[in-house]
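Next come the structures, one after another.
Across the two complexes that follow, chain A remains constant while its partner is chain B and subsequently chain C.
This part shows the complex of A and B:
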């Protein structure tokens, strides 16, 4: 829990900054039976990033990395929209479910391909997934034929823009996926095996772990998460844009994982940390809008904040900078822990 | 006797859980070759690292030429005149000999390197070592021995008063060793004090004037080489271990139980060999480093693939493709390479301990936490793993305790054949004795053990029979009866079994 104190503290600090600049920032109200508010929006718009980052967490825990998630987001969205656009009735639930199935199946197949290149062929993960990162954009454009496919399907709209039980549907999807991963990795033994392979692949093989299969499953799962994120993004705007959907999301996702305290060197991973990391990035984006940072400097501003966040996270940096001032008991840690419980 | 150039008094150094050096005194006279002796883990390398500024000391003091010094890094020690040549040559084979000698401190004028000056001075230095080679040629052009001497030339150019040679001969052949010794004698005449570490006793007796013996981080004593017979030296190095293990010294009677493993002309990265292992039998594998001991172990565990031959385990003919397959047949393999092939450093003792069991059960059937805690508590107690905190990261344990955790990882599976590759290397004497005792107990309980060790005493003490390897070939299989001694084993290794 202590590991999560820093990301949680940073998230709270960012939210407080927003409170200063935006009145009623923490206010949540019910309109037409739906929850509304800035905090809900952060969750809602952050949902695709959280999903992608969760998949990325497992990949990074195996000492790998998946650069292709952005392309998979575009491909999944394009495939779903293409299928729906050919339906006789775009509101047919069965037809939409079929389209979703085909899109997610394609995403998983692409993930298996990544895993195959990494585990069986033995290509370094950054190169293996770079292939799909580049080729995937082309594939997405082939699917959409270079156009932006626009659809008009109410059931599909639900995924990214709809509400269920007063909550945005995207949040529910994230909650379900998070619960599933947490169960499989922490209640069952998958987490231990992933951390073991990431910590020492050869020792794991000699201990009888089927590391090849494990890697393929992890990459496939990461692609599945990206696929679901792709459906959310395309559903939210009821269209598929092969060029721009999920652009650079892989970098935000990697960042979220790192901010959440999972090391790029593999091994130990933290799902809670990743969720916090993704929320930090989403909050930062919101903050940039509410602060009124000029659009041409937003990227620079974001990079600056991320740098500070990463430095604050590093125990070595903290020791260097705060050593002289922090002689009395460090006050930040207990405050952070309280926050952890709430999130 | 001349005044000591280097004097270390009451040196103490502690690592978490281990007292690596405990009140060690050490002195070095100018113009002598001084051997630092001791078993693995006796504190030799710690002492050298303390002396060269890699580690700081917890207690004691170091005096160099009468001045008290406290080095904070290797560079500082080097500037003060203490130079080190390590076992592996740390030079750039693609650069010329002269560049290697002067790398990082090239003679310059106006920022430009003075190549001619550099070559002249390099040639001069090497002449000092009686070495006439072309200094403009790349280092890789020359043999390992010459490369070693280039490293020495580099070390002594920094006005060295103390030269430390850490196992310089381990990869040299006899002729090259003679060449190195000539150079060492020359440096000695020039008044340089040489600290020499080697595992080869004959070399020590040839070159060293005096020696200091360490055991378990403590000083045993300082001796003049010519006055200390080899037998006494070995006795002082192993010390209490002999006494502690005398109980185990009864030779185990040969086993007549059922055959468990039968390899017939099995080959891969070793020449085809045949070997049988009975239930409850301890089979020792003896041979030098690189003689194929580990390769045999890996073949029997499915970590490598067999190219030829057949393998029967428990009567069934099997083809092992993965360690997993071998585990399913009841084979367990504890690698000699703890760090690369054993430990998952980021995980806790508990997680490391149950890893193989969990791997066998697969991801969907976790070992219940209660069962984990029971198992872990049981093995921490049985193997005396310290500290007995299952939630500690394994990388914070000492080598011996890490080894015990890895052993426990396999014992949990209750294997039929346990392959132990150098299980006692680099761990302290106490842990060593515990592991040896454990092997005897396991064997009495019916488990077959393939025991690999470079220490012939240990192999003889534990094994029912010994297979001897040389140059990746199994050359002899000897029953462990009264006629088998370490001398006989050494002779067999040396002669390749041809009598």
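This part shows the complex of A and C:
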């Protein structure tokens, strides 16, 4: 749990900035029967990123990386909207469910493809998924015919833009997926196996773990998360944009995972940290809009905050800074944390 | 003159060759028809791609007006890649077309290929987007929208609408992709017009990347940070459409509680305008085909043309949108 202290502290600091500089930031009210406020927005717009980052966490835990999630986001959204646009009645629940099924099925198939390239063919993950990252954008454009497909479907609208029990529906989906991942990785042995494969794939295989199959499952699951995120993003604006949907989300997701304390070298992961990391990124974005940072300096501002966050996250950096500030205190905390063994 | 004769001969050979087999030429037999009279103009057009409805309408306009003007059009789609476009232009030079027209994917890096066209004595017309080249003799003219003017039109409507208003008018702005020409120019044109009256206050201005998703996200943040927004100015329809969803989610009525001005006039935007959710749209027309064909003929006839030709564009109010919507092409 101590590992989560830093990301949590950073999130609190960001929120404090808003408390001081932005009026009404913490105000949450009920409007039209659902919760309404800046904090709710952070969850609502952060939900797709959290999902993608959760899938990415598992991939990174196997010492891999998945650059193709942004393209999968675009493909899933495009496929679902295309199917719905051909329905005789766009409000038919069966038709919408069918469209969602086709879109998610396609996403999983693409993920299996990634896993196959990584596990069976043995291509390095960054290259294997780069293929789909580039080709997938083209595929999404092919599906949408290069146009923005606009739909008008209330059931589909629910996924990313709707509310259930006053809560944004996207948050509920994220909570369910998170609970599911947490259960199978922390209560069952799967998490240990994933970490083992990430630590040393060959040793894991020799000790009887079917690492190839496991890798394929992990990549397929990551693509499924990206697919659901794609449905949310396209549903939120009731349209599919093959060119821009999910653009650069892979980078935000990797950043969220890293901020959350998961090592890019594989072998260990933190789901809670990833959720916090994704929330930090979304809070930062919302903060920029609320504070009115000029668009020309937005990227620089973001980069500065991320740099500070990463420095604070680095045990080596903290050890140095704290040693120089409080000379008498021995650096036991960072050093101790470094060797903490997860159970 | 020699070139024209050669072109005539080539066309004649082509017509006879094709006529024997009973086939039609790619452009519907136009060369054969005009073979006896004046020579047919061949135009090579290198399009950016098909990235949006706007671009598709642009392509269609060029193709249809070429047919109407009896110009033989060779069309290529660069799929948003400069190297494809350069390849296409080189092949047009080899094919010895009469005139080359293209919408540059990016602003820079065109000097070499444009020099080649100039050396081959083929005039070049830029459409929609400009190139960033010091040598203005590399192309004959640039036909496209004036983004500053679009911003000004948006500002003028606002000034007229709020002429009798005495209190402050709080405006939020959704900018296009930071650094892009349409975003910069639409912002400055708008600011220039409303800057004359201090009651117009732009209280927030952020980039929405020209997309619906970002438009919605940014507008949601604006609505929370500024409870007193009177007007939204979005640099394109898509961001405005996203913002409409955010405004509705905040329990306000788009078009009434918050007045909305956008630029582009694509079909979805026009529909929202006709539905009363948008108040005013400044057109950024992709239908520049007829003007392009006209310019091409003038250039080939040796007439002087202005360096900069602005696309014929209009503006739409809600009433005008209702009338225009049934015949809207894009």
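As a convention for this text, the second predicted complex is superposed on the first by the 325 of 343 C-alpha atoms of A that agree within 3 Å, B and C clash if a C-alpha of one lies under 4 Å from a C-alpha of the other, contacts with A are read in each partner's own complex, and residues count from 1 in each chain.
Heads up, the rule we're going with is that a contact is a pair of C-beta atoms (placed from the backbone, for glycine too) under 8 Å apart; a residue touches a chain by one contact, two chains touch by 3 or more.
This structure is a prediction, so every number in the text was calculated from the model and none was measured.
Aligning the two structures on chain A places chain B and chain C side by side, free of any clash. When both complexes are overlaid on chain A, the residue A:190 reaches chain B alone and has no touch with chain C.
The wider contact with chain A, measured as residues touched, comes from C rather than the other of chain B and chain C. Once chain A of one complex is fitted onto chain A of the other, the partner contacts of A:98 are absent, as it touches neither chain B nor chain C. In the superposition on chain A, A:22 contacts chain C only, with no contact to chain B. Contacts of A:290 after superposition: chain C is touched, whereas chain B is not reached.
Look at A:31: by the touch rule set out above, it reaches chain C but stays clear of chain B. Contacts of A:147 after superposition on the shared chain: chain C is touched, whereas chain B is not.
In the overlay built on the shared chain, the residue A:239 is in contact with chain C alone; chain B does not reach it. Nearest C-alpha atoms belonging to chain B and chain C sit 39 Å apart in the superposition, given in whole angstrom. Listed in rising order, the residues of chain C touching chain A in the complex are 49-53, 55-56, 175, 178-179, 204-207, 209-213, 216-218, 220-222, 224-225, 227, 238, 241-242, 245, 249-251, 268. Residue ranges of chain A in contact with chain C, taken from their complex: 22-25, 27, 31-32, 36-38, 41, 45, 141, 145-148, 150, 161, 233, 236-239, 241, 243-245, 285-286, 288-290, 292, 294-296, 298. On the chain A side of its complex with chain B, the touching residues are 184, 187-190, 192-193, 195-196, 199-200, 202-210, 214, 267-268.
Chain B makes touch with chain A in their complex at residues 301, 303, 322-324, 327, 333, 335, 340-347, 351, 355-356, 358-367, 409.
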